[in-house]
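Two complexes follow with chain A in common, the first pairing it with chain B and the second with chain C.
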Partner chain A sequence: MLKVIHLNKTYGQTKRSLKDVNFTAQPGEVTAIIGPSGAGKTTILRSINQLIRDDSGQILLDDQDIRQSNKAGLRKIRHHIGMIFQNYNLISPLTALENVLHGRLGAKSTLAGVFGMYSAAEKSEALRLLQEVGLGDYAYQRCDQLSGGQQQRVGIARALMQHPKMILCDEPIASLDPKSTKIVMDILRQLAQEKQLIILINLHQIDIALDYADHIVGINSGEIVFEGPSTDVNDQVLQQIYRQAEQPEQAVTANEH
Partner chain B sequence: MIENSSSNTKSLPTLPATKRVTLLTKPRLILRGVLLALALITIYSLITLDRAGLKFGEAFQSLGVNLKAMFLQPTVGQDTWALLLRALATSVGLAMLTTLLGALFAFFIAVFSARNLVPGWLATSIKAVMAFIRSIPTILWVLIYSVVMGLGANAAVVGLTFHSIAYLVKAYSESIEETSTDTIEALKASGVGFWPIIFQAILPSIIPALLSWTFIRFEINFANAIAVGAAAGADDIGYYLFMASGFYFNFHEVGLIVYLLLGVAIVLEIVSMKLRGHYLQKN
Partner chain C sequence: MNTKFKSPQQFFRQRRLRLGLVFAALLIIYLVSVIVVNFQTLTSLAQVPAGLVWLFKNFVPTQQSISYLGPILYQLWRTLIVAVSSTICASLIGLILAILGAKTTSPTPALRWIIRFSASLLRNIPVVAWAMILLFSFKQSDFTGFLALFFMTLGYLTRAFTETIEDLDREKLQALQAVGANYFQCVFCGVLPEVASTLTSWVLYMIENNLRDATLVGILTGTGVGFLFNHYFKQFRYDAAGLIVLLIAVLVILLELTSTQIRRAIA
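Moving on, here comes the complex of A and B:
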């Protein structure tokens, strides 16, 4: 179980920050963080694996505080947290199989990592994971020859290769067409249920969030304004999450990318 | 549209009447001024040139004779074919060795001077040192090392390698900086350490660029090796070129050596084209 307690973050002088963020995410469930652009969704997600250093609070993954770990400890924890990205972030000249194998690099010694020494078992596992996400035939294709949806599935396979307890998804479908979106979201939901993973997703699209997530965390200007099962989300809740969001949305999106 | 144009014609006559339209912007004026000044200087120096009794007719005639000796009648002179070919191989070897050594050292230094991998101050200071080394020509470095180590191949190797490193660090680190920080972050997020990221993520992305730069440096080093051979007495083809032209005045041999060098340069060009074609295809 992931428990975020009293998390705070201020960015230098800018206004974007997290204010006393509390929420939990259960294994076996898809938890979606929704809210207007610039509300702090990405900051929360990146604080969890400490890509962004927050100011204060606790992040407990199975009762272990991620924030308290040293450098080596953090690497170990990160290895059990998969992450997928809006832009997939694969190494494009490499094949899908090689990218999936990268999921094991974090568990290797520096030397084995530098030379990319993978065991036969790891290679067959990578191939099996590619088959699981429906890309068995594309294992030896360079990633820049794959479509966006296919690349995102390679990203998922890479995350699974880490044997994760949790997968963080930072706007995973923002660059995908509706068909690929459905494939990717179906895979993520299936993973939560079958492998009892914690799936934590940042989403722009409310309808997708309500369709796929079991648990919803609503955030506005760095504050949690709603947390509960997706069945409890009604118009009133949505209005609260997205209040005053229409005007600054454009400007902030332009800043983010 | 119609309304617009009618209102335009009303205001049009007043505009061009007051001010002439000019295309001579300030930079263009400066450029013209510089060109004019250079032309004047050239004319002035040609007029006032001290010809010291030079007869142009004879001078051009003997130039023609020398050029003919060089390029139409190339033969071996005081050195044998075997000696010249061995010296040519020495030059190619010198270029190869210094490029390989330079590339190896440069890669590791480049990692520490890429802004997306290390703190800005470290990258900047390494780059500044490299820029300093680069700004001093290779030949000078070879001469400096000749003073330290004595004339010969050793000084040539160290001097050439030294400048190659500085050159390649710049090229390599810029290639590294072009890889997206997002892909690096993705691996960082899964707990991968620094060196595995370098070799598993960055290196595969930039290999075409690295090869391309290294090969260009190889060509530069080959040219430098010839010049250095003469300067540092590295016993390569440059040394024999220097001796044939400046000591024995054997222009037939000079011509032969020039043709040999041209041959090597053509081979290098073909190899590099094939190599780049191969990697461009893969990308």
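Moving on, here comes the complex of A and C:
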């Protein structure tokens, strides 16, 4: 179980990005974080694996505080947290298979990683994972020759190669067409159910969040304004989450004059 | 630049005006320099055909020049070796410096500034100046030529490599960090595969460039095909000198064709 408690983050001197953020995400469930752009969705997600250093609070993954770990400890924790991105972030000149094998880097010695020394078992597991996401035929293709949806599935296979407890998904479908969106979201839901993973997704498409997520966290200007099962989300809740969404832009134009 | 225009006509009028001013400025600069160096445009132009005729009469290789082919090819080969080896050595060290000096991969900002500054220093000393400075310590030898090209190339490639690495999307490296990869793993599994083909292009370009420069450096260091050119030239054996120029051009073109093929193969 992932428990985020009293998480705070301030950018620069004044701009508070996260204000006392609390929520939980259960294994076996898809948890979606929704909210207007700039509300702090990405900051939350990247605090969880400490790509962004937050200011204070606790992030408990199975009762272990991620924030308390040292460099080596963080590396070990990160190894068990997969992450996929809006822009896939694969190493594009390498093949799909090589990118999936990168999922093992966190468990390897520096030299073994640097020289790409993977065991036969690791190689066949990587291939099997690619087959699982439906890309068995593309294992030896360079990633920049794959479509967006295919690249995202390679990203998922890379995350699975980490034997993760949790997969963080930062706007995973924002650059995908409806058909690829469905494929990717179906895979993610299936992973939550079959492998009992914690799937935490940032989304800006409300309909998809309501379709796929079991649990919804609504955020507005860095504050959690709703947390509950997706069945509890109604128009009133949505209004609360997306309220005053235009205000920041008005503020910007006001400053110019 | 938030000037408000009253009409599109006014906007385009202003555009044309600016373009006109640029041309006028260029013309003035030309005229001023003509006056300063006392350059007579028309007379100079008139001399060009006669000059070309003289050049062709004297420099076109004859049947007799073929006898020089042996020594020329041997020196051309030596020059090529110096150009290639200096570029390869400079690119290996340049790569290490670029990784340490690029914003995305540098361990500390202090190191970044030191590397930037020294690379810029190396690069901004012309290769001819390098050769003349190094002549004092290393005398007239292939090694002096090698070092001169090496230092200049090191400066160039460090800069080019640094910029290539900095162009890399930082998120790709973050993705590897998120997997739990450490610094060296990020560099070797992420940065190097991403930049490899661009860096190879730069190295090939520098080899072409250094072959031309090596000829020039050879005149100063008394080695290679540059020396041979100077030697024949001073003995008024213009046909042999012309043959050298021709062969250098052929070699450079061959080199360019090969590197285009290599670039296409790895792109």
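Just so we're on the same page, the second predicted complex is superposed on the first by the 242 of 257 C-alpha atoms of A that agree within 3 Å, B and C clash if a C-alpha of one lies under 4 Å from a C-alpha of the other, contacts with A are read in each partner's own complex, and residues count from 1 in each chain.
Following the convention adopted for this analysis, a residue touches a chain if its C-beta (ideal position, glycine included) is under 8 Å from a C-beta of that chain, and two chains touch if they have at least 3 such contacts.
Since this is a predicted model, take the numbers as computed values, not measurements.
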Fit or clash between chain C and chain B when superposed on chain A: clash
First (chain B), second (chain C), both or neither touched by A:Gly106: both
Partner chain in contact with A:Met83 - chain B first, chain C second, else both or neither: both
Which of chain B and chain C A:Pro172 touches, first, second, both or neither: neither
On chain A, the residue positions that both chain B and chain C contact, one per complex: 49, 51, 75-79, 81-83, 85, 87, 89-94, 102-103, 105-108, 110, 113-116, 158, 162, 168
Chain C residues touching chain A - in the complex, by the definition given at the top: 169, 171-172, 174-182, 184-185, 188-190, 193-194, 196-197
Contact set on chain A toward chain C in their complex: 49, 51, 75-79, 81-83, 85, 87, 89-94, 102-103, 105-108, 110, 113-116, 158, 162, 168
Chain B - residues contacting chain A, complex: 180, 182-183, 185-193, 195-196, 198-201, 204-205, 207, 282-283
In the complex with chain B, residue positions of chain A that touch it: 49, 51, 74-79, 81-83, 85, 87, 89-94, 98, 102-103, 105-108, 110, 113-116, 158-159, 162, 168
